[in-house]
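Before anything else, here's the structure in question.
Each chain carries a letter (A, B and C) given by its place in the written order, and its residues are counted from 1.
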Amino acid sequence: MSDDVILKVRDVYRTYDIKGGMFKKASRLTAVKGVSLDVERGSTLAVVGESGCGKSTLARMLTMIDAQTSGTIEIDGLPIDISKTGISKEMRQKVQIVFQNPYGSLNPRQKIGHVLEEPLLLNTDMPAAERRDLALQMLEKVGLQPEHYGRYPHMFSGGQRQRIAIARAIMMKPKLLVLDEPVSALDLSVQAQILNLLADLQEEMNLTYVFISHDLSVVRYIADKVMVMYFGEVVEYGTRDEVFDNPQHDYTKTLFAATPRADVDSIRKRLAARAA
Amino acid sequence: MTNTSPATKADTSKLETESRNATKAQLAEFWYYFSQNKGAVVGLVVFALLVLTAIFAPLLAPHDPDFQYRDSFLVPPFWEEGGKAAFLLGTDAVGRDILSRLIFGARLSLLVGVMVVTIALTGGIVVGVVAGYMRGAVDTFIMRIMDIILAFPSLLLALVLVAILGPGLINAMIAIAIVLQPHFVRLTRAAVLTERSRDYVVAAKVAGAGHMRLMFKTILPNCLAPLIVQATLSFSNAILDAAALGFLGMGAQPPTPEWGTMLAEAREFILRAWWVVTFPGLAILITVLAINLVGDGLRDALDPKLKRS
Amino acid sequence: MSLLEIRNLRVEFDTAKGPFRALDGVDYAVDAGEVLAIVGESGSGKSVAMLATMGLLPDSATITADKMEFEGLDLRTLTTKERRKVIGRDISMIFQEPIASLNPCFTVGFQLGETLKTHTELKGRQIKDRVVELLTSVGIPDPSGRLNAFPHQMSGGQCQRVMIAMAIACSPKLLIADEPTTALDVTIQKQILDLLVRLQQDSGMGLIMITHDMGVVAETADRVIVQYKGRKMEEADVLSLFENPQNPYTKALLSALPENATGDRLPTVSDFAEAGGF
């Protein structure tokens, strides 16, 4: 099914020039080094790595916030190279992003209704009444109430805000959704709700996810394919079972070994080792 | 997806009430923190009285502020020996009622405050947002100009500007606004710099917001808190500067009942008739103090760092 | 006798919307040589209890307790000065944001030295030796070279190591770690947790781990207190908690872990709330 690849990334690099100062030479930092990947429609690719590994830079390139330095990105057959062609409304409707911190990603002075309507206002000619209907539908879809429409973000809990951020991202019915650590700022019980919501939405709207995370247990739960990044490079790329059952790269192994285990056997083993 | 519109299900008017309630809750919270600061409440009351006085000046003033009573030069306040009940706070050297002049002067002072702050704030916000948002050469260029303006002693610069533009209240206001503007530019720029990299700005950008929308609709409302505080403090500053210019003869011209000008006219009688200098001075002091107290309270209520402790 | 014993602790905050009860009658006890984990989600009051013990809550908080003793010393009646003596020497605390917890204006060596100067009798040369010793014990490579490093020149993990060094500088009897690894990467988290447990075992101090992460609990704790909305839901030793949780909320939390997922959907706490009625 190679023709159903919705996101095609080939050999993408991103470098940052660090300006030199009086005592410092100018230098160049390569945040993403030659990443290639394919994501099939309706599936979830998880990008795993620690801070500074370039996973967020990758997310910013996929969502057209930053341009790639070299390489090609193709979303739903549409080539993306914003440094050359700019961003068209058509491109914008293909891909959206959900950020990690639900407290920072909503404008504190904007009521929820306006948050949701903003993408429609900017990209379509829809009349106000229709926009409001869509926003209300969307609120219901992500598990919020219509009366939340006129409230401010600070009146909501972290989980509710993340629902709002998700609702905003899917207002334009994008094909691809980039989720940049969407649950890592949330409590465990809320995390479960949001993961369930994401699963429901994926099924309903046939969404494709690029799920960026450092939490392996979440990745194992949600991903179809997993990509592990380390210092800007892809060190492991395969289906979930391949990667989790048989990690090839040393870094992946270290990562798995470091993840805390919350099962009874591991606790027993630890306590036994401690008593000894 | 269902095709029934939830808006028809949920009563539209209910949504609007809900939305209004949210706004009300916001205001209620603001008032709670503001009213914690007792000084600010006192300042607000005084300021409100001042505004009322200015609005109803013709009704409140016992005399015409410009009418000269030839038979009563330098009459002391009513409780002093030789005072007349008709002139509660006495008269000045040409027989004008000081109380009436002060009451009408409130109009001018408030006008000066409002005008100066409006001009300085609007200009400062636009220039500051552009500088903070654009960064780079534009930013450097704007900020260097502001640094140059700030390098002059403010009153001196205002004097120079008035000298160029010609004396008069309007020109004085323009001069003071120009002098105060760099503070707003700096403040706006600093606030924009911290806000522009926040996720919600990026999110608006991803949603397709253009530069103008990002600058003035997304970022600016979140930078207003420090600006409001600065605006109140500048309000009092403007009144002070206008009075100073008036005193130096470069602001409002006689016989305008402006407080600073009144002081200037009374200069030669300081030793003989204390009331001609004391009351305009007190008026300036009380007004400026009240506004500063309000500004202090606003800072308490708007500063998120103090609020979320 | 327990090292720290608190009975019926209540904490209330004054807010714009009236008093808010952050903790409602919770008991805590920790013994020397024991690792107690306090686990809960945001709003559970898990940090508030220990901040109250340390006297670090703002003035808007009202603290009442039937008993609040550290080694038989009543913490409620201490003056600020006496409290300062106990805190920092016998009880110390590390926080979530290691980089923000260090003063950016001073070098790491200086800040460690200050702690030693305040709480011990050491002088000049001895202080420097002890600082190097401490940095070595928390696993900082090239400790004598790192003395003159400023916090911003170090990574988050290293800063947390320095914070730990500072916390154990006076060989405290009780160390409180408030989400010590939440801001760190998984591999660094592992190292820091191992370090904390090793230090705790070597010195025999009591360790209180405040966390929201069940994985951290499973990796470190002896005994666990589960909190929810300011109340204690369950207290048990770590094995029986994970093996056989009694309280519906604990059950809910454990089954919400993605690694315990069985079907297509994750059970959420609200599913249990309806059934369990907490």
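Here is the rule we use: a residue touches a chain if its C-beta (ideal position, glycine included) is under 8 Å from a C-beta of that chain, and two chains touch if they have at least 3 such contacts.
None of the values given here were measured: they were computed from a predicted structure.
Asks: Among all chains, whose Cα centre is located farthest from the one for chain C?
Replies: B
Asks: If you tally the C-beta contacts, which comes out ahead, A-B or B-C?
Replies: A-B
Asks: Could you grab the centroid distance between chain A and chain C? Build each centroid from C-alpha atoms only and quote it in angstrom.
Replies: From the centre of chain A to the centre of chain C is 31 Å.
Asks: How many angstrom lie between the centres of chain B and chain C, each centre taken as the mean Cα position?
Replies: 49
Asks: Give the list of chain A residues in touch with chain C in this complex.
Replies: Touching chain C: residues 50-51, 158, 187-193, 195-196, 199, 214-218, 220-222, 254-255, 257-264, 266-268, 270-271, 274 of chain A.
Asks: Hey, which residues of chain A end up touching chain B in the complex?
Replies: Going by the criterion above, the answer is residues 63-65, 87, 89, 92, 96-97, 99-101, 104-111, 113, 118-119, 122-123, 129, 132-133, 136-137, 139-141, 146-147, 149-152, 155, 165, 168, 172, 204.
Asks: Over in the complex, which chain C residues touch chain A? Could you list them?
Replies: 41-42, 156, 185-190, 193, 201, 212-219, 238-239, 242-243, 252-254, 256-261, 264-270
Asks: Hey, which residues of chain B end up touching chain C in the complex?
Replies: It is residues 29, 32-33, 309 of chain B that touch chain C.
Asks: Inside the complex, what are the residues of chain B that reach chain A?
Replies: Against chain A, chain B makes touches at 1-2, 5-7, 9-10, 14-16, 18-22, 25-26, 198-200, 202-210, 213, 218, 221-222.
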